[in-house]
Amino acid sequence: MTSLLEVENLRVDFPTEDGVITAVRGVSYTLERGEALGIVGESGSGKSVTSLAILGLLPRTARVSGSVRFEGSELLGRSDNELSSYRGRHIAMIFQDPLASLNPVYTIGDQIIEAVLAHRDVGKDAARRRALELLDIVGIPHAAQRMHNYPHEMSGGMKQRVVIAIAMANDPDVIIADEPTTALDVTVQAQVLEALEAAREATGAALVLITHDLGVIAGHADRLCVMYAGRLVEQGTVEEVFYTPRMPYTLGLLGSLPRIDARTHERLTPIVGAPPSLLDLPSGCPFRPRCPLAQPICAAEEPALFGVGKGHSAACHFHEKLINAAAREIFQ
Amino acid sequence: MSETKERPGMGEIKERTQFQIVRTRFLRHRLAVGSLIAFGLIVLIAYGGAALWKYSHTDITPDNSQPPSLAHPFGTDSIGHDGLAQVLRGMQQSIKIALLVALIATGVGTAWGAVAGYFGRHVDNLLMRLADLVIILPAIAVAAAMAAVGGGSWWSIALIIGSLASASVSRVIRGVVLSLREQDFIEAAKALGASDLRIITRHLVPNALGPLIVNATILVAVGILAETALSFLGFGVRTPDISLGLLINQAEGAVNTRPWLFYFPGVFIILIALTINFIGDGLRDAFDPRQTRMRR
Amino acid sequence: MIAYAIRRLLVSIPVLIVSSFLVFAMIANSGDPLEALRVTNPPTPPETIALEAKRLYLDLPWYERYWVWLTNIVQGDFGPSVNAREDINAEIWSRMWVTLRLVLLAMLVALILAILVGVTSAVKQYSKLDYTATFFGFLFLATPSFWLAILLKELGIFANQADGDPESRIFFTYGERSVFLEDPTAWNQAVDVAGHMILPTISLSLITFASWSRFQRASMLEVLSSDYIRLARAKGLRWRKVLTRHGLRTALIPLTTISALDFAGILGGAVITETIFGWHGMGQYLIDSIRTRDVYALMAWLLLAGAIVIIVNLIADLLYGVLDPRIRHE
């Protein structure tokens, strides 16, 4: 049986003035119907570019190769018009910045109705009723009045709910949410995530949740992919990866997270250094310069994803060393 | 000022100053670099060429109304003036005026806009209404009226055009200053007790340098187009002196019979303004890379 | 919105008054309008000169003269012209329509062309069309308007002579209308006026078009790279619809402000165009009044020009409020 969404060996290059930047270097993952997959990484790790590539929304200069299959049919290489019948209908997307995602010159009602009518041949009245229903699901009070508001008349959290309503307008099979709460106040983040859950429940869609916030992943995802410098470096169920990370980077990420079950005097352990420039990747494993376990072999050879458990794989030459290791011990 | 720093995992990275970054970006802009060289050559020809050429712009040769030839590459007019000598002199005057226009407009406009933006409130209101006074009137009409009164010399024309142009410069600089004013380093300077003058001259103006330089460059092109238009109308540079605009004015009646007198000065105005605009474009890209992506 | 418009107009009155005072002070102190009368041969009788001086209020100090001028203006009287046979009021109003029809048409042509070319350039960025448009944009921006106008006029004359018949004419190259029309029906007059407008309109609009199309291209590119365009695409809208509904609609807004700001410049450009094509419009009137030191005529000109610019900017502001829901004029 084919998976709902299969990404295979995806590679994205951007030619720039300073040379070709390879933002995504061979990423593969699958998404099953109804599943919630989290993708974690620092900015520049290629997590957003991966999802934009799936929908063909990258700038024209981008060169994309590999394979993206939705229900078994290939999406890469299709014309923009063909892809537009998938966008919103089968795969919907929620972007990071709700402040900029809505067109300032149209009312939010118009923008939701437009999304409904993009894939459904229903009358304007039916579309309006659907829009009201959607606003209700994402928890916008006084939906009928709110329909006539312009984006600038709403708060960031409200706008992001509108964007979520737009994403679920056509009962998509997949919703890709790219850092949906990053630009928002901490206080409204939970509400927006709640709206996202409501949208999933109403549509039964699978979710790809892109974030740098492991806390969000823990609460909302079943499986987890960790990205670093354009590659997957670890993937597995949230449970497996959280409790037995097998890649130093993941371990570091978890170590820099405050934990409620930690002993009181345990200090957070940050990862030293910054992610490498994509223009000038170090040889071998890209995490090597920041890695406390680095050995000569790490400079010579970039590790592949090794299977380390059931559905759990990690890209580290020393993944075995990491069994039951604590971040504090590795990153002193 | 370049130093090397060791960062974990990053190898050696050269930290570059703003100037070096801008220079590198500018040098990558081939059209702008070519234009800079071309403009340099034009200036060199205007001044050096005039000194070397066998005729001066006041010489009256026995050949009148001659089409371009080896003896007179740009032909001669009906009196017998050598066309090349006249165009070279016209270029000198026009370039001189245009550069002075840019200098005056930038200087006056920067002070104007910086003071308005920095002090805000009533000062801002007053100074910007003053800019409105200038901006609501067609500049060429005001310049013509002013030049008819106090014009004549090349520097008075530059002064008139430059001060009129400073009004729009002041608006640009005010905008930049307004956005800078709220930033932390200005607050910090204030907290440390720096005087207003010091904050404006040491913190605001240097940080507005990018837009300032780009604007000044574009103003050279604005200056040459304004001066030649004014001279064409008869209110700018006047006979016996020469500007490119005046040459075109004198050639207007004889475009059919002596086309060389019309085309050569025009082509040089276009060349000067075009190269300046390309240089300005390159500088804009160099100072503001974000805009580059947007604009091209 | 009407209250806003009225308030804006009221605010601009002091601007016009201060402006007029400064200009008046400058011109009134700059020379003798009666100089021509004083140097005639045989000499003009002193009584005549005195009479002329009195008619032009030259017997008063300049600030009192300004006051007289201002009180006249309030009553709709622009004051006496140096040329005794000329009535500034009658002259300038009729000339204003001649100039305005040129300026407004040129503006319209420039706007339409700029939007078409600018938007197409942005959508087809880096295409041959984009490079060509960019090249001509830069070229026209660097071209002196008077040189371009003369060139067009010469091309018109050349086209007229090209068929070998000196009598036939395709383009009119002189005046805003024919002095003598054989069969002056309304239709023929309209055709005649339109024919005279072709070349001046082209020459006045080309340079404005160049700068506006560059601006429109940048504005469209900025919109195209915006997040809401990406969301519109993510909704599944076809590219064409994304372009027209979300791209064009939003990218047009900034042009309203820029075109209004440039209006004073176009009015100034018309001075040059009219000079070259021999129009009897405001441009020629300006040049003449500067040459003859006709203070009141010049003041009338500047006042009218300033008022027109203010009104055009007000209209643009109101339009902006309609186009952009983020702006509300109360």
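First chain written, first letter: the chains are A, B and C, and each begins at residue 1.
Definition applied: a residue touches a chain if its C-beta (ideal position, glycine included) is under 8 Å from a C-beta of that chain, and two chains touch if they have at least 3 such contacts.
Just so it is clear, the structure is predicted and the values come from calculations on it, not from any experiment.
Among the other chains, the CA centroid farthest from that of subunit C is the one of A.
Put simply, the chain closest to the centre of the protein, by Cα centroids, is B. Between the CA-based centres of subunit A and subunit C the separation comes to 54 Å, rounded to the whole angstrom. Averaged C-alpha coordinates put the centre of subunit B at 24 Å from the centre of subunit C. Subunit A and subunit B have Cα centroids separated by 50 Å. Listed for subunit C are residues 225, each touching two or more other chains.
Counting partners per residue, subunit B has no residue that reaches two or more other chains.
In the complex of the two chains, the subunit B residues touching subunit C come out as 129, 132-133, 135-142, 144-146, 148-150, 221, 225, 228-229, 232-235, 245, 248, 252, 255-256, 262, 266, 269-274, 276-278, 293-296.
The touching residues of subunit C, when paired with subunit A in their complex, are 225-228, 230-239, 245-246, 249-250, 253, 323-326. Interface of subunit A with subunit C (complex): residues 55, 57, 59, 80-81, 84-89, 92-93, 95, 97, 100-105, 114-115, 118-119, 150, 152, 163, 166-167, 169-170. Interface residues of subunit C, counted against subunit B in their complex, comprise 12, 15-16, 18-19, 22-23, 26-27, 30-31, 125-126, 138-139, 141-147, 150-151, 154, 157, 217-218, 221-222, 225, 261, 264-265, 267-269, 271-272, 275-276, 286-287, 290-291, 293, 298, 301-302, 305-306, 309-310, 313.
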